[in-house]
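Before we start, here is the structure in question, set down as C-alpha coordinates.
Order of writing sets the labels: A, B, C and D. Residues in every chain begin at 1.
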Amino acid sequence: MGWVHEIRVSWGDCDPARIAYTARIPWFALDAIDAWWLSHLGQGWYQLEIDRGLGTPFVNMNIDFLSPVTPRHMLECDVRPVALGKTSVAFRVTGRQGGKICFEGRFVCVFVTPSDFTKCAPPPDIGALLAEHMAPDEPEAARGAQQQA
Amino acid sequence: MGWVHEIRVSWGDCDPARIAYTARIPWFALDAIDAWWLSHLGQGWYQLEIDRGLGTPFVNMNIDFLSPVTPRHMLECDVRPVALGKTSVAFRVTGRQGGKICFEGRFVCVFVTPSDFTKCAPPPDIGALLAEHMAPDEPEAARGAQQQA
Amino acid sequence: MGWVHEIRVSWGDCDPARIAYTARIPWFALDAIDAWWLSHLGQGWYQLEIDRGLGTPFVNMNIDFLSPVTPRHMLECDVRPVALGKTSVAFRVTGRQGGKICFEGRFVCVFVTPSDFTKCAPPPDIGALLAEHMAPDEPEAARGAQQQA
Amino acid sequence: MGWVHEIRVSWGDCDPARIAYTARIPWFALDAIDAWWLSHLGQGWYQLEIDRGLGTPFVNMNIDFLSPVTPRHMLECDVRPVALGKTSVAFRVTGRQGGKICFEGRFVCVFVTPSDFTKCAPPPDIGALLAEHMAPDEPEAARGAQQQA
(Lines give C-alpha, C1' and ligand atoms only; values in the text may rest on other atoms or scores of the structure.)
Protein backbone atom coordinates (compact mmCIF):
# COMPACT_ATOMS: atom_id res chain seq x y z
CA MET A 1 0.00 0.00 0.00
CA GLY A 2 1.06 3.52 -0.70
CA TRP A 3 -0.34 6.76 0.63
CA VAL A 4 -3.89 6.43 2.00
CA HIS A 5 -6.67 9.03 2.27
CA GLU A 6 -9.49 8.11 4.64
CA ILE A 7 -13.10 9.01 3.81
CA ARG A 8 -16.04 8.74 6.20
CA VAL A 9 -18.94 7.32 4.17
CA SER A 10 -22.25 8.61 5.47
CA TRP A 11 -25.98 7.98 5.24
CA GLY A 12 -26.34 10.65 2.57
CA ASP A 13 -23.81 8.88 0.33
CA CYS A 14 -26.01 5.77 0.22
CA ASP A 15 -28.90 4.93 -2.08
CA PRO A 16 -31.99 2.78 -1.44
CA ALA A 17 -29.84 -0.35 -2.01
CA ARG A 18 -28.15 0.69 1.29
CA ILE A 19 -24.73 1.06 -0.35
CA ALA A 20 -22.85 4.13 -1.53
CA TYR A 21 -24.39 5.32 -4.81
CA THR A 22 -22.21 4.40 -7.79
CA ALA A 23 -21.78 8.03 -8.84
CA ARG A 24 -20.34 8.82 -5.38
CA ILE A 25 -17.37 6.48 -6.01
CA PRO A 26 -15.64 8.63 -8.66
CA TRP A 27 -16.33 11.60 -6.34
CA PHE A 28 -14.53 9.82 -3.48
CA ALA A 29 -11.64 8.88 -5.79
CA LEU A 30 -11.24 12.47 -6.99
CA ASP A 31 -11.33 13.76 -3.41
CA ALA A 32 -8.54 11.30 -2.65
CA ILE A 33 -6.43 12.52 -5.60
CA ASP A 34 -7.01 16.15 -4.53
CA ALA A 35 -5.92 15.17 -1.01
CA TRP A 36 -2.78 13.49 -2.47
CA TRP A 37 -1.79 16.82 -4.07
CA LEU A 38 -2.45 18.78 -0.89
CA SER A 39 -0.52 16.31 1.24
CA HIS A 40 2.47 15.89 -1.10
CA LEU A 41 2.77 19.33 -2.72
CA GLY A 42 1.11 21.48 -0.05
CA GLN A 43 -1.36 22.62 -2.73
CA GLY A 44 -4.62 20.96 -3.75
CA TRP A 45 -6.50 21.69 -6.98
CA TYR A 46 -7.93 24.89 -5.47
CA GLN A 47 -4.52 26.33 -4.62
CA LEU A 48 -2.95 25.00 -7.85
CA GLU A 49 -5.56 26.77 -9.98
CA ILE A 50 -5.97 30.01 -8.05
CA ASP A 51 -2.54 30.62 -6.51
CA ARG A 52 -0.37 29.03 -9.15
CA GLY A 53 -2.30 29.13 -12.42
CA LEU A 54 -2.13 25.41 -13.15
CA GLY A 55 -5.10 23.19 -13.99
CA THR A 56 -5.10 19.38 -14.20
CA PRO A 57 -8.39 18.42 -15.93
CA PHE A 58 -9.25 14.76 -16.43
CA VAL A 59 -9.23 13.16 -19.87
CA ASN A 60 -10.15 9.61 -18.83
CA MET A 61 -11.38 7.62 -15.86
CA ASN A 62 -11.75 3.84 -15.77
CA ILE A 63 -13.14 2.25 -12.62
CA ASP A 64 -13.86 -1.34 -11.64
CA PHE A 65 -16.45 -1.71 -8.90
CA LEU A 66 -15.56 -4.86 -6.98
CA SER A 67 -17.49 -4.72 -3.71
CA PRO A 68 -20.11 -2.37 -2.24
CA VAL A 69 -19.02 0.65 -0.17
CA THR A 70 -21.05 1.26 3.03
CA PRO A 71 -20.90 3.40 6.19
CA ARG A 72 -19.89 0.30 8.18
CA HIS A 73 -16.18 1.03 7.70
CA MET A 74 -13.94 3.96 6.84
CA LEU A 75 -13.13 4.05 3.13
CA GLU A 76 -9.35 3.87 2.72
CA CYS A 77 -8.26 5.26 -0.65
CA ASP A 78 -4.76 4.32 -1.71
CA VAL A 79 -3.54 6.93 -4.24
CA ARG A 80 -0.41 6.70 -6.37
CA PRO A 81 0.86 8.31 -9.58
CA VAL A 82 1.62 5.57 -12.11
CA ALA A 83 2.54 7.30 -15.38
CA LEU A 84 4.01 10.67 -16.32
CA GLY A 85 3.86 11.95 -19.88
CA LYS A 86 5.06 15.22 -21.37
CA THR A 87 1.80 16.97 -20.53
CA SER A 88 -0.11 14.32 -18.57
CA VAL A 89 -0.12 12.25 -15.41
CA ALA A 90 -2.04 9.11 -14.48
CA PHE A 91 -3.09 8.09 -10.97
CA ARG A 92 -4.43 4.83 -9.68
CA VAL A 93 -6.81 4.85 -6.72
CA THR A 94 -7.75 1.71 -4.80
CA GLY A 95 -10.63 1.91 -2.31
CA ARG A 96 -10.71 -0.54 0.60
CA GLN A 97 -13.09 -1.16 3.46
CA GLY A 98 -12.26 -3.56 6.28
CA GLY A 99 -9.30 -4.92 4.29
CA LYS A 100 -11.39 -5.70 1.19
CA ILE A 101 -10.88 -3.94 -2.15
CA CYS A 102 -14.11 -2.14 -3.10
CA PHE A 103 -12.97 -0.40 -6.28
CA GLU A 104 -9.91 0.16 -8.44
CA GLY A 105 -9.65 3.12 -10.76
CA ARG A 106 -7.16 4.67 -13.17
CA PHE A 107 -7.41 8.38 -13.88
CA VAL A 108 -5.55 10.40 -16.54
CA CYS A 109 -5.13 14.17 -16.21
CA VAL A 110 -3.43 16.73 -18.43
CA PHE A 111 -1.67 19.87 -17.28
CA VAL A 112 -3.20 23.07 -18.65
CA THR A 113 -2.95 26.82 -18.31
CA PRO A 114 -6.39 27.68 -16.84
CA SER A 115 -6.78 30.98 -18.74
CA ASP A 116 -6.86 29.36 -22.18
CA PHE A 117 -7.10 25.63 -21.36
CA THR A 118 -4.00 24.79 -23.46
CA LYS A 119 -1.84 21.80 -22.54
CA CYS A 120 1.53 22.47 -20.95
CA ALA A 121 4.40 20.57 -19.34
CA PRO A 122 4.22 20.29 -15.55
CA PRO A 123 6.44 22.79 -13.68
CA PRO A 124 9.82 21.18 -12.75
CA ASP A 125 9.03 20.78 -9.03
CA ILE A 126 5.76 19.02 -9.82
CA GLY A 127 7.40 16.80 -12.44
CA ALA A 128 10.06 15.86 -9.90
CA LEU A 129 7.49 15.21 -7.15
CA LEU A 130 5.48 12.90 -9.39
CA ALA A 131 8.59 11.07 -10.60
CA GLU A 132 9.69 10.53 -7.01
CA HIS A 133 6.38 8.88 -6.03
CA MET A 134 5.83 6.90 -9.23
CA ALA A 135 4.42 3.40 -8.60
CA PRO A 136 3.88 0.40 -10.91
CA ASP A 137 1.02 0.98 -13.36
CA GLU A 138 -1.10 -1.98 -12.35
CA PRO A 139 -4.10 -2.65 -10.12
CA GLU A 140 -3.50 -3.38 -6.42
CA ALA A 141 -5.24 -6.72 -6.84
CA ALA A 142 -2.60 -7.74 -9.40
CA ARG A 143 0.21 -6.44 -7.18
CA GLY A 144 -1.09 -8.40 -4.21
CA ALA A 145 -1.21 -11.57 -6.28
CA GLN A 146 2.38 -11.03 -7.44
CA GLN A 147 3.61 -10.45 -3.91
CA GLN A 148 2.03 -13.70 -2.80
CA ALA A 149 3.49 -15.66 -5.72
CA MET B 1 -28.03 9.49 -32.63
CA GLY B 2 -30.23 7.30 -30.53
CA TRP B 3 -32.42 8.17 -27.58
CA VAL B 4 -31.44 11.45 -25.91
CA HIS B 5 -31.90 12.58 -22.30
CA GLU B 6 -31.52 16.33 -21.73
CA ILE B 7 -29.87 17.66 -18.57
CA ARG B 8 -29.86 21.29 -17.44
CA VAL B 9 -26.35 22.02 -16.18
CA SER B 10 -26.42 24.62 -13.42
CA TRP B 11 -24.14 26.92 -11.44
CA GLY B 12 -23.90 24.41 -8.61
CA ASP B 13 -22.59 21.74 -11.01
CA CYS B 14 -19.57 23.91 -11.86
CA ASP B 15 -16.25 24.24 -10.06
CA PRO B 16 -13.91 27.25 -9.84
CA ALA B 17 -12.61 26.46 -13.37
CA ARG B 18 -16.14 27.51 -14.45
CA ILE B 19 -16.92 24.11 -15.97
CA ALA B 20 -18.93 21.16 -14.66
CA TYR B 21 -16.84 19.37 -12.01
CA THR B 22 -15.40 16.11 -13.37
CA ALA B 23 -17.16 14.01 -10.72
CA ARG B 24 -20.52 15.42 -11.91
CA ILE B 25 -20.07 13.83 -15.36
CA PRO B 26 -20.51 10.19 -14.24
CA TRP B 27 -23.49 11.44 -12.18
CA PHE B 28 -25.05 12.96 -15.32
CA ALA B 29 -24.36 9.78 -17.29
CA LEU B 30 -25.96 7.59 -14.64
CA ASP B 31 -29.00 9.90 -14.48
CA ALA B 32 -29.28 9.45 -18.24
CA ILE B 33 -29.13 5.65 -18.00
CA ASP B 34 -31.77 5.71 -15.24
CA ALA B 35 -33.91 7.91 -17.49
CA TRP B 36 -33.43 5.43 -20.35
CA TRP B 37 -34.90 2.66 -18.17
CA LEU B 38 -37.82 4.82 -17.07
CA SER B 39 -38.57 5.91 -20.62
CA HIS B 40 -38.22 2.50 -22.29
CA LEU B 41 -39.43 0.12 -19.57
CA GLY B 42 -41.67 2.46 -17.58
CA GLN B 43 -39.53 1.68 -14.53
CA GLY B 44 -36.33 3.42 -13.42
CA TRP B 45 -33.85 1.98 -10.90
CA TYR B 46 -36.10 3.01 -8.01
CA GLN B 47 -39.12 1.14 -9.34
CA LEU B 48 -36.99 -1.80 -10.55
CA GLU B 49 -35.50 -2.30 -7.08
CA ILE B 50 -38.51 -1.57 -4.91
CA ASP B 51 -41.48 -2.73 -7.01
CA ARG B 52 -39.82 -5.52 -8.95
CA GLY B 53 -36.90 -6.76 -6.85
CA LEU B 54 -34.24 -6.31 -9.51
CA GLY B 55 -30.97 -4.44 -9.04
CA THR B 56 -28.49 -3.46 -11.77
CA PRO B 57 -25.27 -2.45 -9.97
CA PHE B 58 -22.29 -1.22 -11.98
CA VAL B 59 -19.14 -3.27 -12.35
CA ASN B 60 -17.17 -0.90 -14.60
CA MET B 61 -17.29 2.62 -16.01
CA ASN B 62 -14.85 4.03 -18.54
CA ILE B 63 -15.24 7.65 -19.57
CA ASP B 64 -13.32 9.87 -21.99
CA PHE B 65 -13.65 13.58 -21.25
CA LEU B 66 -13.35 15.36 -24.59
CA SER B 67 -14.61 18.90 -24.05
CA PRO B 68 -15.77 20.90 -21.00
CA VAL B 69 -19.45 20.86 -19.97
CA THR B 70 -20.91 24.26 -19.01
CA PRO B 71 -24.32 25.85 -18.26
CA ARG B 72 -24.17 27.62 -21.67
CA HIS B 73 -26.05 24.76 -23.40
CA MET B 74 -28.32 21.89 -22.47
CA LEU B 75 -26.39 18.65 -22.03
CA GLU B 76 -27.77 16.08 -24.47
CA CYS B 77 -26.99 12.54 -23.33
CA ASP B 78 -27.37 9.88 -26.01
CA VAL B 79 -27.92 6.52 -24.27
CA ARG B 80 -27.89 3.11 -25.91
CA PRO B 81 -27.43 -0.49 -24.79
CA VAL B 82 -24.49 -2.00 -26.68
CA ALA B 83 -23.89 -5.47 -25.22
CA LEU B 84 -26.05 -8.05 -23.47
CA GLY B 85 -24.49 -10.96 -21.56
CA LYS B 86 -26.12 -13.75 -19.59
CA THR B 87 -26.20 -11.63 -16.43
CA SER B 88 -24.92 -8.26 -17.62
CA VAL B 89 -25.67 -5.32 -19.88
CA ALA B 90 -23.43 -2.53 -21.19
CA PHE B 91 -24.56 0.98 -22.09
CA ARG B 92 -22.74 3.72 -23.94
CA VAL B 93 -23.54 7.33 -23.11
CA THR B 94 -22.41 10.23 -25.28
CA GLY B 95 -22.75 13.75 -23.88
CA ARG B 96 -23.08 16.66 -26.31
CA GLN B 97 -23.42 20.42 -25.94
CA GLY B 98 -24.13 22.67 -28.91
CA GLY B 99 -23.43 19.79 -31.29
CA LYS B 100 -19.99 19.05 -29.82
CA ILE B 101 -19.18 15.76 -28.05
CA CYS B 102 -18.16 16.52 -24.44
CA PHE B 103 -17.73 12.98 -23.14
CA GLU B 104 -18.12 9.36 -24.18
CA GLY B 105 -18.57 6.61 -21.63
CA ARG B 106 -19.17 2.88 -21.48
CA PHE B 107 -20.88 1.39 -18.44
CA VAL B 108 -21.28 -2.27 -17.51
CA CYS B 109 -24.00 -3.39 -15.10
CA VAL B 110 -24.95 -6.81 -13.77
CA PHE B 111 -28.42 -7.99 -12.89
CA VAL B 112 -28.81 -8.99 -9.23
CA THR B 113 -31.45 -10.00 -6.72
CA PRO B 114 -31.31 -7.08 -4.24
CA SER B 115 -31.95 -9.20 -1.14
CA ASP B 116 -28.71 -11.20 -1.44
CA PHE B 117 -26.84 -9.34 -4.22
CA THR B 118 -26.43 -12.53 -6.32
CA LYS B 119 -26.19 -12.29 -10.11
CA CYS B 120 -29.17 -13.38 -12.14
CA ALA B 121 -30.38 -13.42 -15.73
CA PRO B 122 -32.53 -10.45 -16.74
CA PRO B 123 -36.28 -11.19 -16.78
CA PRO B 124 -37.48 -12.09 -20.33
CA ASP B 125 -39.24 -8.76 -21.00
CA ILE B 126 -36.12 -6.82 -20.02
CA GLY B 127 -33.84 -9.07 -22.07
CA ALA B 128 -36.13 -8.56 -25.06
CA LEU B 129 -36.29 -4.80 -24.55
CA LEU B 130 -32.50 -4.51 -24.42
CA ALA B 131 -32.06 -6.77 -27.46
CA GLU B 132 -34.54 -4.66 -29.40
CA HIS B 133 -32.61 -1.43 -28.75
CA MET B 134 -29.11 -2.84 -29.06
CA ALA B 135 -26.68 -0.50 -30.91
CA PRO B 136 -23.13 -0.98 -32.20
CA ASP B 137 -20.59 -1.19 -29.36
CA GLU B 138 -18.41 1.72 -30.42
CA PRO B 139 -18.05 5.39 -29.53
CA GLU B 140 -20.24 7.94 -31.32
CA ALA B 141 -17.12 9.71 -32.57
CA ALA B 142 -16.11 6.54 -34.43
CA ARG B 143 -19.63 6.06 -35.76
CA GLY B 144 -19.69 9.64 -37.06
CA ALA B 145 -16.37 9.12 -38.84
CA GLN B 146 -17.65 5.92 -40.47
CA GLN B 147 -20.83 7.58 -41.64
CA GLN B 148 -18.78 10.31 -43.32
CA ALA B 149 -16.34 7.84 -44.94
CA MET C 1 -49.43 28.70 -8.13
CA GLY C 2 -46.82 30.86 -9.79
CA TRP C 3 -43.97 29.86 -12.06
CA VAL C 4 -43.04 26.17 -11.76
CA HIS C 5 -39.71 24.43 -12.37
CA GLU C 6 -39.93 20.66 -12.78
CA ILE C 7 -37.23 18.38 -11.38
CA ARG C 8 -36.88 14.66 -12.10
CA VAL C 9 -35.98 13.00 -8.80
CA SER C 10 -33.82 9.95 -9.36
CA TRP C 11 -32.48 6.87 -7.58
CA GLY C 12 -29.22 8.64 -6.75
CA ASP C 13 -31.12 11.43 -4.95
CA CYS C 14 -32.58 8.91 -2.49
CA ASP C 15 -31.10 7.55 0.72
CA PRO C 16 -31.64 4.15 2.39
CA ALA C 17 -35.01 5.42 3.73
CA ARG C 18 -36.07 5.34 0.04
CA ILE C 19 -36.82 9.07 -0.03
CA ALA C 20 -34.81 12.00 -1.34
CA TYR C 21 -32.00 12.74 1.12
CA THR C 22 -32.75 15.86 3.20
CA ALA C 23 -29.64 17.67 1.96
CA ARG C 24 -30.86 17.25 -1.63
CA ILE C 25 -33.93 19.40 -0.93
CA PRO C 26 -32.08 22.73 -0.58
CA TRP C 27 -30.13 21.71 -3.70
CA PHE C 28 -33.40 21.21 -5.62
CA ALA C 29 -34.74 24.54 -4.31
CA LEU C 30 -31.60 26.40 -5.37
CA ASP C 31 -31.72 24.77 -8.81
CA ALA C 32 -35.30 26.04 -9.07
CA ILE C 33 -34.29 29.61 -8.13
CA ASP C 34 -31.44 29.50 -10.66
CA ALA C 35 -33.94 28.29 -13.25
CA TRP C 36 -36.27 31.19 -12.31
CA TRP C 37 -33.50 33.67 -13.14
CA LEU C 38 -32.66 31.95 -16.41
CA SER C 39 -36.30 31.81 -17.46
CA HIS C 40 -37.26 35.35 -16.42
CA LEU C 41 -34.06 37.31 -17.05
CA GLY C 42 -32.43 35.11 -19.70
CA GLN C 43 -29.44 34.79 -17.37
CA GLY C 44 -28.90 32.24 -14.61
CA TRP C 45 -26.32 32.57 -11.82
CA TYR C 46 -23.54 31.43 -14.17
CA GLN C 47 -24.28 34.12 -16.75
CA LEU C 48 -25.01 36.74 -14.05
CA GLU C 49 -21.62 36.19 -12.44
CA ILE C 50 -19.44 35.66 -15.49
CA ASP C 51 -21.08 37.80 -18.18
CA ARG C 52 -22.50 40.55 -16.01
CA GLY C 53 -20.39 40.70 -12.86
CA LEU C 54 -23.25 40.28 -10.42
CA GLY C 55 -23.39 37.76 -7.58
CA THR C 56 -26.41 36.89 -5.45
CA PRO C 57 -25.06 34.89 -2.46
CA PHE C 58 -27.47 33.52 0.12
CA VAL C 59 -27.61 34.92 3.65
CA ASN C 60 -30.43 32.74 5.00
CA MET C 61 -32.49 29.70 4.13
CA ASN C 62 -35.41 28.38 6.16
CA ILE C 63 -37.12 25.21 4.99
CA ASP C 64 -40.05 23.21 6.36
CA PHE C 65 -40.06 19.58 5.28
CA LEU C 66 -43.68 18.52 5.12
CA SER C 67 -43.79 15.28 3.16
CA PRO C 68 -41.14 12.96 1.67
CA VAL C 69 -39.90 13.52 -1.89
CA THR C 70 -39.55 10.36 -4.02
CA PRO C 71 -38.93 9.35 -7.66
CA ARG C 72 -42.62 8.37 -7.95
CA HIS C 73 -43.61 11.83 -9.22
CA MET C 74 -41.98 14.83 -10.84
CA LEU C 75 -41.03 17.46 -8.25
CA GLU C 76 -42.79 20.71 -9.10
CA CYS C 77 -41.02 23.70 -7.59
CA ASP C 78 -43.08 26.87 -7.45
CA VAL C 79 -40.66 29.83 -7.26
CA ARG C 80 -41.59 33.45 -6.54
CA PRO C 81 -39.80 36.57 -5.31
CA VAL C 82 -41.54 37.81 -2.16
CA ALA C 83 -39.45 40.70 -0.81
CA LEU C 84 -37.07 43.23 -2.35
CA GLY C 85 -34.75 45.31 -0.17
CA LYS C 86 -32.13 47.89 -1.13
CA THR C 87 -29.47 45.20 -1.57
CA SER C 88 -31.40 41.98 -1.07
CA VAL C 89 -34.15 39.79 -2.46
CA ALA C 90 -36.13 36.96 -0.90
CA PHE C 91 -37.65 34.01 -2.76
CA ARG C 92 -40.13 31.42 -1.61
CA VAL C 93 -39.98 27.94 -3.12
CA THR C 94 -42.76 25.39 -2.66
CA GLY C 95 -42.08 21.81 -3.71
CA ARG C 96 -45.02 19.58 -4.69
CA GLN C 97 -45.39 15.99 -5.80
CA GLY C 98 -48.68 14.60 -7.02
CA GLY C 99 -50.49 17.72 -5.78
CA LYS C 100 -49.12 17.43 -2.23
CA ILE C 101 -46.77 20.03 -0.72
CA CYS C 102 -43.46 18.34 0.19
CA PHE C 103 -41.51 21.38 1.37
CA GLU C 104 -41.78 25.13 1.74
CA GLY C 105 -38.69 27.32 1.91
CA ARG C 106 -37.77 30.98 2.13
CA PHE C 107 -34.39 32.09 0.83
CA VAL C 108 -32.73 35.49 1.22
CA CYS C 109 -29.97 36.62 -1.15
CA VAL C 110 -27.92 39.80 -1.31
CA PHE C 111 -26.58 41.43 -4.45
CA VAL C 112 -22.80 41.72 -4.53
CA THR C 113 -19.97 42.68 -6.83
CA PRO C 114 -18.16 39.33 -7.27
CA SER C 115 -14.64 40.83 -7.37
CA ASP C 116 -14.75 42.13 -3.79
CA PHE C 117 -17.98 40.58 -2.43
CA THR C 118 -19.39 43.99 -1.38
CA LYS C 119 -23.14 44.52 -1.28
CA CYS C 120 -24.72 46.60 -4.03
CA ALA C 121 -28.15 47.62 -5.27
CA PRO C 122 -29.61 45.43 -8.01
CA PRO C 123 -29.24 46.88 -11.54
CA PRO C 124 -32.45 48.73 -12.59
CA ASP C 125 -33.67 46.05 -15.01
CA ILE C 126 -33.30 43.37 -12.36
CA GLY C 127 -35.00 45.50 -9.71
CA ALA C 128 -37.87 46.11 -12.13
CA LEU C 129 -38.13 42.41 -13.06
CA LEU C 130 -38.30 41.35 -9.41
CA ALA C 131 -40.84 44.08 -8.57
CA GLU C 132 -43.00 42.95 -11.47
CA HIS C 133 -43.14 39.32 -10.26
CA MET C 134 -43.41 40.06 -6.54
CA ALA C 135 -45.81 37.71 -4.71
CA PRO C 136 -47.21 37.70 -1.16
CA ASP C 137 -44.55 36.80 1.42
CA GLU C 138 -46.31 33.79 2.90
CA PRO C 139 -46.21 30.02 2.50
CA GLU C 140 -48.32 28.40 -0.20
CA ALA C 141 -50.09 26.34 2.44
CA ALA C 142 -51.33 29.56 4.07
CA ARG C 143 -52.32 31.00 0.70
CA GLY C 144 -54.28 27.87 -0.17
CA ALA C 145 -56.11 28.04 3.16
CA GLN C 146 -57.00 31.69 2.55
CA GLN C 147 -58.30 30.98 -0.92
CA GLN C 148 -60.56 28.30 0.46
CA ALA C 149 -61.81 30.49 3.31
CA MET D 1 -17.43 25.36 21.96
CA GLY D 2 -18.88 21.91 22.20
CA TRP D 3 -18.15 18.81 20.18
CA VAL D 4 -16.53 19.54 16.82
CA HIS D 5 -16.60 17.57 13.55
CA GLU D 6 -13.92 18.54 11.03
CA ILE D 7 -14.67 18.57 7.31
CA ARG D 8 -12.11 18.90 4.53
CA VAL D 9 -13.61 21.28 1.96
CA SER D 10 -12.39 20.43 -1.53
CA TRP D 11 -12.27 21.85 -5.06
CA GLY D 12 -15.39 19.93 -6.04
CA ASP D 13 -17.37 21.58 -3.22
CA CYS D 14 -16.72 25.03 -4.72
CA ASP D 15 -18.61 26.90 -7.42
CA PRO D 16 -17.34 29.44 -9.97
CA ALA D 17 -17.40 32.12 -7.23
CA ARG D 18 -14.51 30.09 -5.73
CA ILE D 19 -16.40 29.39 -2.50
CA ALA D 20 -18.30 26.33 -1.31
CA TYR D 21 -21.64 26.20 -3.15
CA THR D 22 -24.51 27.26 -0.87
CA ALA D 23 -26.29 23.91 -1.25
CA ARG D 24 -23.17 22.15 0.08
CA ILE D 25 -23.51 23.91 3.46
CA PRO D 26 -26.64 22.05 4.63
CA TRP D 27 -24.93 18.86 3.38
CA PHE D 28 -21.89 19.61 5.57
CA ALA D 29 -24.13 20.41 8.56
CA LEU D 30 -26.06 17.15 8.16
CA ASP D 31 -22.81 15.18 7.87
CA ALA D 32 -21.76 16.81 11.14
CA ILE D 33 -25.02 15.84 12.88
CA ASP D 34 -24.68 12.26 11.58
CA ALA D 35 -21.10 12.25 12.92
CA TRP D 36 -22.39 13.52 16.30
CA TRP D 37 -24.68 10.48 16.54
CA LEU D 38 -21.94 8.07 15.54
CA SER D 39 -19.48 9.58 18.00
CA HIS D 40 -21.88 9.88 20.96
CA LEU D 41 -24.16 6.89 20.50
CA GLY D 42 -21.89 4.60 18.49
CA GLN D 43 -24.57 4.57 15.78
CA GLY D 44 -25.01 7.02 12.91
CA TRP D 45 -28.20 7.39 10.84
CA TYR D 46 -27.29 4.29 8.80
CA GLN D 47 -26.96 2.05 11.86
CA LEU D 48 -29.94 3.69 13.60
CA GLU D 49 -32.21 2.97 10.65
CA ILE D 50 -30.96 -0.44 9.59
CA ASP D 51 -29.81 -2.04 12.84
CA ARG D 52 -32.19 -0.39 15.24
CA GLY D 53 -35.28 0.56 13.28
CA LEU D 54 -35.25 4.26 14.20
CA GLY D 55 -35.44 7.14 11.76
CA THR D 56 -34.88 10.83 12.53
CA PRO D 57 -36.17 12.78 9.50
CA PHE D 58 -35.86 16.56 9.42
CA VAL D 59 -38.91 18.80 9.69
CA ASN D 60 -37.12 22.17 9.56
CA MET D 61 -33.73 23.69 8.85
CA ASN D 62 -32.86 27.37 9.29
CA ILE D 63 -29.36 28.50 8.32
CA ASP D 64 -27.65 31.89 8.40
CA PHE D 65 -24.73 32.16 6.00
CA LEU D 66 -22.29 34.60 7.59
CA SER D 67 -18.99 34.17 5.75
CA PRO D 68 -17.85 32.14 2.72
CA VAL D 69 -16.50 28.60 3.19
CA THR D 70 -13.38 27.75 1.16
CA PRO D 71 -10.74 24.99 0.89
CA ARG D 72 -8.20 27.34 2.59
CA HIS D 73 -9.07 25.99 6.06
CA MET D 74 -10.64 22.92 7.61
CA LEU D 75 -14.34 23.45 8.31
CA GLU D 76 -14.96 22.96 12.03
CA CYS D 77 -18.58 22.11 12.72
CA ASP D 78 -19.68 22.53 16.34
CA VAL D 79 -22.74 20.32 16.91
CA ARG D 80 -24.98 20.35 19.97
CA PRO D 81 -28.53 19.23 20.81
CA VAL D 82 -30.49 22.24 22.07
CA ALA D 83 -34.09 21.10 22.55
CA LEU D 84 -35.78 17.79 23.25
CA GLY D 85 -39.52 17.33 22.75
CA LYS D 86 -41.70 14.28 23.21
CA THR D 87 -41.02 13.08 19.65
CA SER D 88 -38.46 15.59 18.40
CA VAL D 89 -34.95 16.90 18.89
CA ALA D 90 -33.28 20.10 17.70
CA PHE D 91 -29.58 20.54 16.96
CA ARG D 92 -27.58 23.66 16.36
CA VAL D 93 -24.54 23.50 14.09
CA THR D 94 -21.98 26.28 13.89
CA GLY D 95 -19.40 26.16 11.09
CA ARG D 96 -16.06 27.91 11.57
CA GLN D 97 -12.98 28.37 9.44
CA GLY D 98 -9.80 29.92 10.82
CA GLY D 99 -11.67 31.03 13.94
CA LYS D 100 -14.40 32.85 12.01
CA ILE D 101 -18.05 31.75 12.07
CA CYS D 102 -19.13 30.89 8.50
CA PHE D 103 -22.66 29.66 9.19
CA GLU D 104 -25.08 28.99 12.02
CA GLY D 105 -27.96 26.57 11.61
CA ARG D 106 -30.78 25.10 13.65
CA PHE D 107 -32.21 21.73 12.62
CA VAL D 108 -35.32 20.00 13.95
CA CYS D 109 -35.78 16.25 13.58
CA VAL D 110 -38.57 13.92 14.65
CA PHE D 111 -38.22 10.33 15.75
CA VAL D 112 -40.10 7.85 13.55
CA THR D 113 -40.53 4.16 13.01
CA PRO D 114 -39.05 3.70 9.49
CA SER D 115 -41.53 1.03 8.38
CA ASP D 116 -44.57 3.32 8.55
CA PHE D 117 -42.98 6.76 9.12
CA THR D 118 -45.09 7.39 12.28
CA LYS D 119 -43.74 9.62 15.05
CA CYS D 120 -42.52 7.96 18.23
CA ALA D 121 -40.77 8.86 21.46
CA PRO D 122 -36.99 8.38 21.45
CA PRO D 123 -35.80 5.17 23.14
CA PRO D 124 -34.77 5.82 26.78
CA ASP D 125 -31.01 5.58 26.19
CA ILE D 126 -31.23 8.09 23.34
CA GLY D 127 -33.43 10.45 25.35
CA ALA D 128 -30.93 10.27 28.21
CA LEU D 129 -27.96 10.82 25.89
CA LEU D 130 -29.55 13.91 24.34
CA ALA D 131 -30.57 15.29 27.76
CA GLU D 132 -27.02 14.84 29.01
CA HIS D 133 -25.51 16.85 26.14
CA MET D 134 -28.21 19.53 25.96
CA ALA D 135 -26.79 23.02 25.34
CA PRO D 136 -28.42 26.49 25.37
CA ASP D 137 -30.74 27.02 22.41
CA GLU D 138 -29.02 30.07 20.98
CA PRO D 139 -26.51 30.83 18.24
CA GLU D 140 -22.80 30.63 19.05
CA ALA D 141 -22.41 34.25 18.04
CA ALA D 142 -24.84 35.25 20.81
CA ARG D 143 -23.12 32.95 23.30
CA GLY D 144 -19.72 34.46 22.47
CA ALA D 145 -21.10 37.97 23.01
CA GLN D 146 -22.56 36.93 26.37
CA GLN D 147 -19.33 35.37 27.52
CA GLN D 148 -17.48 38.59 26.71
CA ALA D 149 -20.05 40.79 28.45
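In the analysis below, a contact is a pair of C-beta atoms (placed from the backbone, for glycine too) under 8 Å apart; a residue touches a chain by one contact, two chains touch by 3 or more.
Everything quoted here is computed from the prediction, not taken from an experiment.
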Chain located farthest away, centre of chain D as origin (C-alpha): B
Higher-contact pair (C-beta pairs counted), A-B versus B-C: A-B
Chain A-chain B separation of Cα centroids, rounded to whole Å: 23
Whole-Å separation of chain centres (CA-atom averages), chain B against chain D: 35
Where chain B and chain C are represented by their mean Cα positions, the distance between them in whole Å: 29
Contacts with 2+ other chains: residues of chain B: 11-12, 14, 16, 18, 22-23, 27, 30, 46, 49-50
Residues of chain A that touch chain D when the two form their complex: 8, 10-12, 14, 18, 27, 30-31, 34-35, 44-47, 49-50, 70-72
Chain A partner contacts - residues on chain C that touch it in the complex: 11-12, 14-16, 18, 21-23
Interface residues, chain C side, partner chain D - complex: 16-17, 22-23, 26-27, 30, 46, 49-50, 55, 57-66, 68, 114, 117
